[in-house]
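This is the structure, below, for whatever I ask next.
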Amino acid sequence: MAWVWLHRFGSPPYFYRVARRLVPWFAWPALLLCLGGLIGGLVFAPPDFRQGEGFRIIYVHAPAAWLSLMTYVVMALSAAVGLIWRMNVAHAVAASCPKIGASFTAVALATGMLWGRPMWGTFWVWDPRLTSELLLLFLYLSYIALRSAFDDVARADRASAVLAIVGVIDVPIIHYSVIWWNSLHQAPSVLRFGAPTIAPSMLYPLLMMLVGFTCFFAAVMLTRARAELLRRERTAQWIVEALDADQGGPSRGGGRTEQSAASAW
Amino acid sequence: MNELSGEALHLWRGEHHVLRGVSFAVGGGHCLQVTGANGAGKTTLLRAVCRLVPLDSGQIFWRGADQAANLEAFHAELSYLGHENALKGELTAAENLRFATRMRRDVEPGEIRAALERCAVAESADIITRRLSAGQRRRVALARLLLTRASLWVLDEPTSNLDQRGQALLSELLGAHLEQGGVAVVATHQSLNLPQSKICPLALQ
Amino acid sequence: MTTARNPALPASAATRSLSAAAWALVQRDLRIALRRSGDTLQPVGFFVVVTTLFPLGLDPQVSLLRDIAPAALWVGALLASLLALDLLFREDAQDGTLEQLALCGVPFTGLMIAKTAVHWMLTGLPLVLVAPLLAGTLGAPAGALPAILLALLLGTVSLSFIGAIGAGLTMGVKRSGSLLALVVLPLAVPVLIFGARATEQAIAGESSSAALYLLGAMAVLTATLSPWAVGAAVRIGLE
């Protein structure tokens, strides 16, 4: 039963259509949840006992950091599926993740640095979280660089899939080694956030932002994956039919706008 | 009973549909001669037969069994000669051959020399291959074919760099191989000087 | 000539044992490395030069040198290991010998382990042998040596196995020097952290067993998992 579902999803036309229908279901909740989370976090949540107002940046920093990691996992999983079952759709999903992930990582780094600045006086601190994020950024960059080094898309897919799988196994090791390293040297830490001591009024906006960011990721990833599929299968017959359906009727030139809008970034 | 067959082989390289439903069958004692213009996919087909390149669809059968089922056993019976000679420049001809043989089985005394003599490069045995001429290197590669004792020979442009006598040698070796019931797949522009009955032509567009 | 005729072709060939084939491969690669001694000694020379450059960039007080010794040794080891990696597969890919390895009917993963082991013998092992001299120039006390050498031994094994993955992935890419570094270095960070920590503790006279155990665990992990990735990467590169 699961195999049937997986293979249905692996069919490019099916994925293309279903993804289009799913995007609004993620995009709107993302917008509403993020708005709600920001209002709750910036306006309603009380200031932190020790850090004052500055801690509020966590409402952007923590979800961004979480998503940067989750994107890598999604990328590695879909790359593995593409490698094992030779599914073009899975490779297209994997190809659309790294830039999103790198952006989340950059946001996490930037917000982390902004957070640390008022407290420590410098922009960069060898905090375990920030250091892990930096290394994750390097992993994303190396993935992107490896992909672009191959001319043949299929080989780029497979080689970067191997790298993604190796990376996803190494990421926890890197993370724990950095924490270990940091604990020995007592470097200052940006995040001192004891989970059991979070007040509900602080926690709920954080969770809203987390879910909102995740929906945002899903919406953007599905859109990029559709654009990626268009690019890969542009000579296939189903593209013409799908674009006609998108335009709501047979028209040749109209297909262009869909493609350029989807691949705008 | 040695037989190699391929059914409806398809392969894409990027957007280029290189192998378009290629099918063939060649039995023991016969040679599949693959012809076609440059870029038609001869090398790709040969590498697909060796499973160096995965096929997008279609199957290849060796001795009636699907080749993909036991690749290692299939490779043990196969010997591939590509555009490159697969010789390390810093090793002598004899050392290269000794290594190639040891990857498959133990070396029997004297057989390296004998193979080199058969291919008329015995005098190059102890010269490092970087100092040999292109023709001599090709002959050493042919000697490697003999030593592998493979049932299936896959040869990609074997005559390149070979002079008249070299090409005659190749025809002799091929003929002897087919005589013993072996199968060969050869991509070449040139005539193989084998009896017509032994050749199955396959022209790629 | 009858003496050179093939014996009757066997109906089915028995496949060669992995250990015999791997041993043949190791011997071949070592023989080639010996004949190309200039190339083979480069990583060690690089290691020596880079590590001794650190003190030149600093005020050569022994106390300061001891502080940077772990970092200098390990960054040097990392970079030296990178240097030899590019050659690991590229040449074999270009002269056709690599695809012959994929075609000889022996498990390819096992052959990848053999090639990585040779890389370690030619890069990691010499580093370990040269390290005592360098540790001295960096102000490390003699008592720290056993731990430092053990750390380098274990760490270079991990570096070889991690690096082999990068070498396999970038095998067919032209001008891939910096790409190889970009791929390998982030993955090798844990080795750097654990190795430098072990060295630091040894120099300070403390017990470095925790870090050494972690290094050992990394070595075992990479040795078991990376050959799969290397084999997959090389096969993709051969297509």
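Order of writing sets the chain letters: A, B and C. Residues in each chain are counted from 1.
Rule of thumb we're sticking to: contacts are C-beta pairs under 8 Å (C-beta built on N, C-alpha and C of every residue); 3 or more make two chains touch, one makes a residue touch a chain.
Since this is a predicted model, take the numbers as computed values, not measurements.
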Shared interface partners, meaning chains that touch chain A and chain C: B
Pair of chains joined by the greatest number of C-beta pairs in contact: B-C
Farthest chain (mean CA position) relative to chain A: B
Distance between chain centroids, defined by C-alpha means - chain A, chain C (Å): 34
Interchain centroid distance [CA atoms averaged], chain A/chain B, Å: 48
Mean-CA-position distance for chain C and chain B (Å): 34
Shared-contact residues (touching 2 or more other chains) in chain A: none
Sites on chain C at which at least two other chains make contact: 239
Parts of chain B lying in touch with chain C, wherever the complex brings them together: 2, 50, 52-54, 72-78, 80, 82-91, 95, 99-100, 102-106, 114-115, 117-118, 146, 149-151, 176-177, 180-182
List of chain A residues in touch with chain C within their complex: 83, 135, 138-139, 141-142, 145-146, 149-150, 155, 158-159, 162-163, 165-167, 169-170, 173-174, 177-178, 180-181, 184
In the complex with chain A, residue positions of chain B that touch it: 12-15
Chain C residues within the chain B interface of the complex: 1, 3-10, 12-16, 20-21, 24-25, 27-28, 31-32, 35-36, 94-97, 99-107, 238-239
Partner chain B, residues of chain A touching it in the complex: 151-154, 235
